[in-house]
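Structures given as structure tokens follow.
Paired with chain B in one complex and with chain C in the other, chain A is shared by the two complexes that follow.
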Partner chain A sequence: MFSYCTDPDALDRLRWLSCYLTTGVHFSFYLSFLKVIGILAVTAPVALAFGFFGAMSARSSIAPVSWLGKGYIAVVRGVPDIAFFLFFVIALDQGFEWLRHQALCPDWTDPIRQGNDFLVCPQAKLPLGTAPQAVHQTYAFGLAVVTFALVFGAFAANVIFGAMRAVPKAQLETAEAYGMSPRQTFWRILVPQMWVYALPGLSNLWQVLIKATPLLFLLGIEDVVYWARELGGTKTARFTAYPHGDWRMWYFLALLVFYLFMTWGSEKILSRLMTRLTRGQATTGGEAQRRGAAA
Partner chain B sequence: MSCVQTIQDYALRSIGIGERLLPRSDFTVCEQVVLIGSGMIWNVYFGFMALATGFFLATAVALGKGSANPWLRKPAELYVFLFRGSPLFIQFFFAYFVFLNLKRVYPFFDPFTAAWLGALIVLFLNTGAYSAQIFHGALQSIPKGEVEAADAYGLSGWSRFRRIIWPTMLRLAWPAYTNEAIFLFHATTLVYFSGFPAWQQRGDALYYASYFADKTFNPFVPYPILAGYFILLTLVIIGGFGLVNRRLNRHLPANARSKMKLRPNLIR
Partner chain C sequence: MKSILLSTVAVAMTATLALADGHSVVRMGTEGAYPPYNFINDAGDVDGFERELGDELCVRAELTCEWVKNDWDSIIPNLVSSNYDTIMAGMSITDERDEVIDFTQDYFPPTASAYVGASDGADWENGVVAAQTATIQAGHIAEGSATLVEFATPEETVAAVRNGEADAVFADADYLAPLVEASGGDLVFIGPDVPLGGGVGMGLRESDTELKEKFDAAITSMKEDGTLNTLLVKWFGEGTAQY
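This part shows the complex of A and B:
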């Protein structure tokens, strides 16, 4: 990148390092950090929405809808999540392809499961075999987001379901006494008040979501773990201008620091948000704030 | 091949006893159940050993974290932050490569690059940090009346800790600690996906489950089998920890006992 980088062998240590860390592949590595942040930024709202609808349907007075919501929450318990990740990606992929197969090739007679193979007609392949590499990568990324959102949505649903039940009953009864319909009570009284009860659980979930992002590697995404393994491995002078030994330890140290920084930073932000949400609430925290302001 | 034959061949495959080659084609459900079950040996080994050793570390660190002496408190806080703030997956990778580098210099570290020891150390440190946080919370919420009563009876130092503080801490922490135990057993599935090699294809349950899923392109058989095993294991843990919980609470009237409440298990 720098002008003095043309002959790496002649450089002193510090300059060598500055050149080494600004090679093209290293920018892919730095980009993968943005990928992690990107997937967090996309997944968190989607999972929250899944969680909200899951909790809403679990609270529903219509029995089948309530079973659906409760079943969704219950299904993620008791099973290691990594198994979920590995399972969902293949299952979703095959599900999509099967649906497209049914729609696009109605007169295909061969069975789809032939022994150990899963075969759909070429038009139903997702993405199409002829699609450019970028489409394949985007598709893999999208599948990962959906998987994360499904799994974390169930956890969020559980938290929000609990938070909705924690809102004091008197509040809802008062709303009813004022003549609000159930819908109005839900949106104007329950939802605004529930966040303060949900936030400790949700912030915990957020921390867990951050710590779950390295699992992207298992879904075949070129994420931080992938690049750390690639770049850290021993490089000989035959293949690169910057030969070095096995540096994977240092790359993973950098990842460790990155994640520590992420969790530390979000802890700070979330505790501020908690202070903000506690304002005016009928909780001990809200009461303490009121007293503090009065004194 | 009958199922009995399969059990003879593969039931102990994960620790290297029995048939050497894994099945390669025409997979039967029996083979999948037996091999994945065989892999569970490793999950139980990692989880059990890490819990048994991590418990003592956690107690020590929790005391350090509650200590008034900054020389004890600061390192304990740092340790808990380091292991709770970073993903276990990255910790596995990092530890593996550190051991690999150490091995080049000192042959002593040779066994550390194998999963049975290296991964166990990471799990031990990890569960130590998570449990220490739970125990620390419990230490903070010991009713001060109990400690004052102990003082009034003339107990102090070690005997006060051993007879009053420690049992109460365990009693308060136990429901959360049960969750941590379940959590840890689930986390053991990460070991063979994080650098540590499965030598001679001796892996854990998830290793074999993903082996079958890769070979058959059919995730709908091996992963539910794996899930079934883990639900069973979870029930066993809940049962075992429930017995201990009963014993810890035996002096209390039935309505004052702390209930075992299970929360969903998350990745760490």
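This part shows the complex of A and C:
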């Protein structure tokens, strides 16, 4: 990176460190932080949408739709995350490839399952075998988002389902008395009021989601924990210009600071959101705000 | 103008056809945490003996290759489900693995595994010995009288000895040698070297016979003209076993 980095052995401590921290491999490490933040930014809204529709269908008066919603909530919440990540993602990937295989290679005669091997025709592979590594990584990223959204969507659905039931019955009855249809009651009265009950549960989920990102390495995504382990490991002088001992502690310390910072930041944002959502609500919080404003 | 366009299209189409045929890009899976076999260099690329050897094999077999990193734990399942096409990760040829995947002929002679401890007196026979999960070394310790502790990465097995969690670590002698050399006396070789496994080979899916033949032929040609020996000496030093 810097011009004086050609002979790291001859450098003083500070300069050595500045060279060491700007090697190509360290940029992969820095990039992985963005990757984690990116995954969170995409997953959270998608999971929330899954949760919302899950809760909506669980509340449905049509029995099969309600079973579907309740089944989704119960099954996904019950399965351990790691099992879900290992099994579901591979199954999803193979499912896509199987569908494409049926559509694209109708005259393929070889069996798809040969012993342990799962073999579809080359045109059906996802991503194509010819695709550059970047496409493979994007695909893995997409799979990760879908899986995270599905798992956390089930938890969010349960939280939102509970929040919808916490809205005072009197509010809904009044809406009905004013002549609102069930659909109007739902969108105009129930949904705006339920967020304040859902937020504490959802904020918990968000914090858990932040900490769950190391599971990504199971899907082949090189996240911050992978790089911290790799970079912190002992490096001998034969294989690197920057030999060092076991520095994993320092790298994990950096991760600790990163995760604490994320938690602290989201805590701030969530408490602001809570104040905003409480305004005008028939809760003790809303009542306190009203009194505060009046006094 | 039109004919130029048409011929461009024709060239483009034949190019796609050529690409669609079988293994146009061979994806090479490796661990990237086992120097000198394979590791990540300062620039962030896969480097090491297997990188250099694999690239040369691909040139000789006239294949386009691309390197992919994968955790050691799931390196065989991901090969089998076609996430990549080969494994070059210092993987010894054993009967158990051969039941699930196929191997080319060995490109590294049967390896010596060695014990490393914090001092000469460390008890490698009946003490606590660290080894990487799902390796031949872990299997060997499990059969003996020592207590086995397994770790997911090679780095952690050595760290276990440094911090006193284990009395000794049992791994490929070639992996341990640079670490012992750089430790300045903190780590020492103890006990006898143990020859294990049937040499290191490239792993492939059992159904991928065509690719296996290509790589087998390339390895044979490198053994015959001595380039494989040159690579072995370059990465493992003069004393290493050669073909």
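Keep in mind that, in the parts below, the second predicted complex is superposed on the first by the 294 of 295 C-alpha atoms of A that agree within 3 Å, B and C clash if a C-alpha of one lies under 4 Å from a C-alpha of the other, contacts with A are read in each partner's own complex, and residues count from 1 in each chain.
By our rule, a contact is a pair of C-beta atoms (placed from the backbone, for glycine too) under 8 Å apart; a residue touches a chain by one contact, two chains touch by 3 or more.
All figures in this text were calculated on a predicted structure; none of them were measured in a lab.
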item: Room on chain A for both chain B and chain C (clash or fit); value: clash
item: Contacts of A:Ile90 with chain B and chain C, given as first, second, both or neither; value: both
item: Which superposed partner A:Thr213 touches (first chain B, second chain C, both, neither); value: first
item: Partner chain(s) touched by A:Phe155 [first = chain B, second = chain C, both, neither]; value: first
item: Partner chain in contact with A:Thr23 - chain B first, chain C second, else both or neither; value: second
item: First, second, both or neither for A:Ile269, with chain B first and chain C second; value: neither
item: Which superposed partner A:Ala49 touches (first chain B, second chain C, both, neither); value: neither
item: Partner chain(s) touched by A:Phe239 [first = chain B, second = chain C, both, neither]; value: second
item: Contacts of A:Leu260 with chain B and chain C, given as first, second, both or neither; value: first
item: Touching both chain B and chain C, residues of chain A; value: 90, 94, 116-118, 217-218, 229, 246, 248
item: Residue ranges of chain A in contact with chain C within the complex; value: 23-25, 27-28, 90, 93-94, 114-120, 122-123, 125, 129-130, 132-133, 136, 217-218, 220, 222, 229-230, 233-234, 236-243, 246, 248
item: In the complex with chain B, residue positions of chain A that touch it; value: 73, 76-83, 86-87, 90-91, 94, 113, 116-118, 154-155, 158, 205, 208, 210-215, 217-218, 225, 228-229, 232, 246, 248-249, 252-253, 255-256, 259-260, 263-264
item: Contact set on chain C toward chain A in their complex; value: 19-25, 27, 32-33, 35-36, 39-45, 47-48, 66, 68-71, 74, 78, 80-83, 85, 100-101, 153, 155, 158-159, 162, 178-179, 181-182, 205-207
item: Parts of chain B lying in touch with chain A, wherever the complex brings them together; value: 25, 27, 81-82, 84-91, 93-94, 97-98, 100-101, 186-187, 189-190, 193, 206, 209-210, 213, 215-220, 223, 226-227, 230-231, 234, 262, 264-268
